[in-house]
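Next up: some structures, all given as structure tokens.
Two complexes come next, and they have one chain in common, subunit A, joined by subunit B in the first and subunit C in the second.
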Partner chain A sequence: MAFEPKRPVKEINYAESRIYTDAELNNYTEEELKNFKVKHEIPMLEELEKGPWPSFVADAKRNALHRKKLADGRLLLDKEGSEDLLGLLEQSFEEGETHWKHGGIVGVMGYGGGVIGRYTDMAEKYPSIAHFHTMRVNQPASKFYDTNFLRTICDLWSYRGSGLMNLHGSTGDLVLLGTVTEQLEPIFFELTHVMDTDIGGSGSNLRTPSCCIGKARCEFACVDTQELSYELTNHYQDELHRPAFPYKFKFKFDGCPNGCVASIARSDLSFIGTWRDDIRIDQEAVKAYIAGEIKPNAGAHGGRDWGKFDIQKEVIGLCPTGCMAMEDGKLVIDNANCTRCMHCINTMPRALKPGTDTGISLLCGAKAPILDGAQMATLLVPFMKAEPPYDNIKELIEKIWEWWMDEGKNRERIGELIQRVGLPKFIEVLELPPAPQMVKAPRSNPYIFWKEEDVIGGWDRDINDYRKRHKR
Partner chain B sequence: MEIRDVILDFAENSKKTKFYFKDMEKAVQAKMPGAKMRDIKKAATELVKEGIMIYFSTGSSTMYGLKGRGMTEDPTEGDSE
Partner chain C sequence: MKLSTEKAGRFILEKPQENRLTDLGPRHYWEYFPPVIKENYGKWAYHDMLEPGVMVHVSETGAKVFTVRCGAARFMTVEHVREICDIADKHCGGYVRFTTRNNIEFLTDNLESLEALKADLLSRKHVSGSFKFPIGGTGAGITNIVHTQGYIHCHTPATDASSMVKAVSDELFEYFTGMQLPAKVRVSMACCLNMCGAVHCSDIALLGYHRKPPIVDHEYISKLCEIPLAIAACPVGAISPDKTADGKRTVKIKNERCMFCGNCYTMCQALPLSDKEGDGVTILAGGKISNRISEPKFSKVVVPWLPNNFPRFPEVISDVKKIVEAYANGANKYERLGDWAERIGWEKFFEKTGLPFTEHLIDDYRLAYDTWRTSTQFKFTDAAWAVSKAAGGID
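Presenting the complex of A and B:
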């Protein structure tokens, strides 16, 4: 089914929406930049410019010089924001403590997320960053942009903000760094009415959903991750913008088990495209790989000579469940034992393809906090179909949320709640049957607790009588 | 008594000037045992829209508060707890 936007998509035309001329955008030379000194001493930050990687310090200096050279009235914020920001950071490096205060009350009308109040406690010394609020902008699915959009948002942020951005935050949004309270509503108006986009999630909200490149450009995509992300973003607008969760909640969508957005590690609810039939095999192409006629990994490791392709060593021998073999010159796969590691498909993409009965695996509970430990997601549903209007998925999401909102403590992620009460309780609430895929090593430790009502006929056992014969 | 009245009563009299949604939900359900989470959220959202209550966000989590009580827009100006 072809994708249908929920309403007509507005075309952005930079020629009409631009604020700055080309001359203003290119208003300094590299020579001037080399000689430019910010108004604060920043020796430690300048060390960061000396490494092999691009440095945010160099970028901030460029921004500072560009803003300094713009004519008066061409910026709505103080010109010295980038310089003060660098000065403040240098001071924090010297003192080993931050000078940003924690949170605040800023937002745009009707929204409880997407704007994060940031204030410095050094406003007298660095007045241009007394307010330095962040705005998160909901990125398009898979981060496909039109240059008209990018150039328009850059102009808008230079004019009404600091000109500094982070593309992209770990949730996926475009992160616009640094503006003042009185600019929030005008920026929000421009974003929504002119640029036809929306701000993203923050705080105790559903965070901006994020997906891999999906069927747009990837032959491995088992589900249309962009459509699913778009549908759930629209369907859960209230959860995205009006906070009532115990803490943050993230959706991420991977089209196949390669997991290019790492949903398994970075989202509270991870959607991973998969298949439940057999891996498709083109035996002629397998032979061509063996004969060296097709480069393995689509030539991705072609920078040096790795020798002749050895299917036994490079594919069959690396299968984690040992479910592949060559029999009578043909590659055979015991599909029931395939764990979807994707290695064979990645190595021989012209010979092997995911099956055609596709859907998603649903995993829950990952987090990557700064404090405490990171946690990978736990598998909840080994396979479910993922087709519009995705009612089966929505039903499960809502059950998870309802339980988390009832049982979760303040600032407790769903993964922490599952750890606290146990997976058996969680799957009981969701009315999901226990499955071997939920167990880390089901073959060596297939142990689950059965309740009497789970077992046909139940059981009669007197624990005291048992203990007479079996001491603890 | 309506949900919004209970929320306002809690917001005006709670020890803390900003609180999590769950604390507000518990306070409402203590006085109105049948009150549904969704209805409490709707009432709180309405109060925010009317400018009577405000959101306080650290960026990672969000709290609610009564406008003018305890905190102002700039955390330097009120008791920012």
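Presenting the complex of A and C:
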């Protein structure tokens, strides 16, 4: 297995990179925090400091106090950003409306994405957040970090930004919320030079790909989702940074049909790990489940007494294809009729495992409702090997993009284009043969768009010939 | 390498291309795996949930890794991230991971440090009392609610995200720290139907929604927008060209055609929609992403609109709890919310949850016919008798 990065990478050592001293990082007491009031009245937000769930308000307040107590010159942005943001949020609650304007065109040179311009319409009252741009930092695949990376980005973002972030944005990026235009390039230079990392996608680009935890800590992963995500992210850096598409395009990689990153619902190309041989069965472990020696579903139902495990009712009876049975004390699976839904494997993970001849199912065209309604991804390729350098996958991706860039209208997602032009046309362009796996059922209307070449003799006919057979 | 403290950093305004590095891509994942993950990559044999939020994964080699999953607000400050780092340095060799649903995962290969880690996490609370690192979010429960930016950082929201998620999570907390439901329930939140969070396949989706057509900023629209693009942006053809009394180019809106999607405002800032009374929350239910047992499916609108009652959204919480409780009482083991609703029938879903069925829930957009009933296979509920009475079919 190849785990080498594509180029030598710089080590990040927080002891060297840091801006702030320990004393600066611990510059307030619990007592001070308890008594701390932000400069605006925020009674509704203070209500949200209560309750057991982690309070974003309490967190924002400690960032506000920490910034307030840093010496002058130890922050490049106004100290009061968190306080002004809370004030603005409270005012939005009172008025039931947002106070953020449409994003302006800001970014770093040579890129058309990764930075989202943001300005408030209440700049007089909340001057420290008058400009409050977002930067998306491309996360490492499956979001493992070490503290050298995180502490360094915290110092960078305290010093040149608001200290507010999202871990993570919906698409997967580590999102830095709130800086000014003049700091965009300096932040980008620190990210690339010191942290040896890059920003992610926005606008009509390839968006930052993301993947499940995969083989790093999951026994169900049929493919190496991190490797695939890393390779395609690097291979398509140009598409990620420089807008050339009709609209956004998302890749997501799920290691199995459980779909933990929801690729089938929210990515233009959904890669889902699967297998084409037989489910592996450990008959001894099956017996142990039946005997109640192992908790079903890895103990996921431990919070309620559901009674003794019943393999007939809980596994065989729930199999959507009815392809399982117990015969002579052994579990048998008719693999040719299995649709790989994962239920039996999820329920008895120590007895059943996916096969070993693994690859991906490729689905295309998912999107949220804007504009013509939500779409789920449609099955395009039932099975495809997914092994480095993934040339088969890249070739198909590029065919899809080429057609979409030729045919797609402004702001038309690939899924909408396929709907507009038809799935038959799409698979023709991709040179894929039609297969019943691509549909839930054949069409129920007979309005087939026959082509002229499908019909013997073509469509050109002479009315006089016709009239020889039929009087007017 | 040290972070720069110069105002312009390493960037030279006069020579912007000098030393510019581009197209580096993300850091390689491998360098951030703890040793036990590197050593057992691709070798994991099985896992067990030892208690809510605590998992053990066992490798073919016999090696084990313990994971403690903690809830988190995805809006997070550097203060919080530094505290996460303190914990990771103290107990986890300096490594930490975040999940797709914004949970934090602390990993250790040592059973003793697991106990110390758990105790440490639960001891950390904000001064106002909320947990900083609640443990849970595994198995048949409700894990972290994924969400969007809302009033914190977005220009198109119809509600706020962080506050609604905090309010709902407080009320559903017992399901985060427990595994007592028939199957997992995924709750997701998006503040407008752009749905940058793509919540449309969730067991329960909370969605901000506008209900007033755009206001036209006649004086400025021709300066702020490309009018043809604004017209083309409307999916229902409700926007057409117009002139003001003094001859300026503008647009007019056929209000009765508007479906309040906000796409026009995305394309043209002179067409704002937001409004205190108009905006609110829609609840959808019964979607899923997993292929387990049944196919992935869309969530369905079960509550057409609730008010934006900041900061705690009591109406939203009440309806979410009705859905969760009816599901918890009625569904079979392993049955997702949508599968339960389909098995008992949506008419029974409305009866059991007590949610009113209104005309807004009958689809009248494209492909609506697919959702209409074209059979005599249904169950009788009070809603059916009300129709029979209205039609004069019964007294």
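Methods note: the second predicted complex is superposed on the first by the 426 of 472 C-alpha atoms of A that agree within 3 Å, B and C clash if a C-alpha of one lies under 4 Å from a C-alpha of the other, contacts with A are read in each partner's own complex, and residues count from 1 in each chain.
The rule is simple: a residue touches a chain if its C-beta (ideal position, glycine included) is under 8 Å from a C-beta of that chain, and two chains touch if they have at least 3 such contacts.
On a predicted model such as this, the values are computed, not experimentally measured, just so you know.
In the overlay built on the shared chain, the residue A:A265 is in contact with subunit C alone; subunit B does not reach it. Ranked by how many residues of subunit A each touches, subunit B and subunit C are led by C. By the touch criterion defined above, A:A244 reaches subunit B but does not reach subunit C. In the overlay built on the shared chain, the residue A:M405 is in contact with subunit B alone; subunit C does not reach it. Touch criterion not met for A:W450: it reaches neither subunit B nor subunit C. Looking at the shared chain after the overlay, A:G104 reaches subunit B, while subunit C stays out of its contact range.
Of the two partner chains, both subunit B and subunit C are touched by A:T134.
Across the superposed pair, subunit B and subunit C both touch subunit A at residues 101-103, 109-110, 134, 411.
Here subunit B touches subunit A in the complex through residues 20-23, 37, 41, 44-45, 48-49, 54-62, 65, 71-76, 80, going by the rule given at the top.
Remark: subunit A residues 101-107, 109-110, 112-113, 115-117, 119, 121, 123, 131, 134, 181, 202-205, 242-248, 405-406, 408-411 touch subunit B in the complex.
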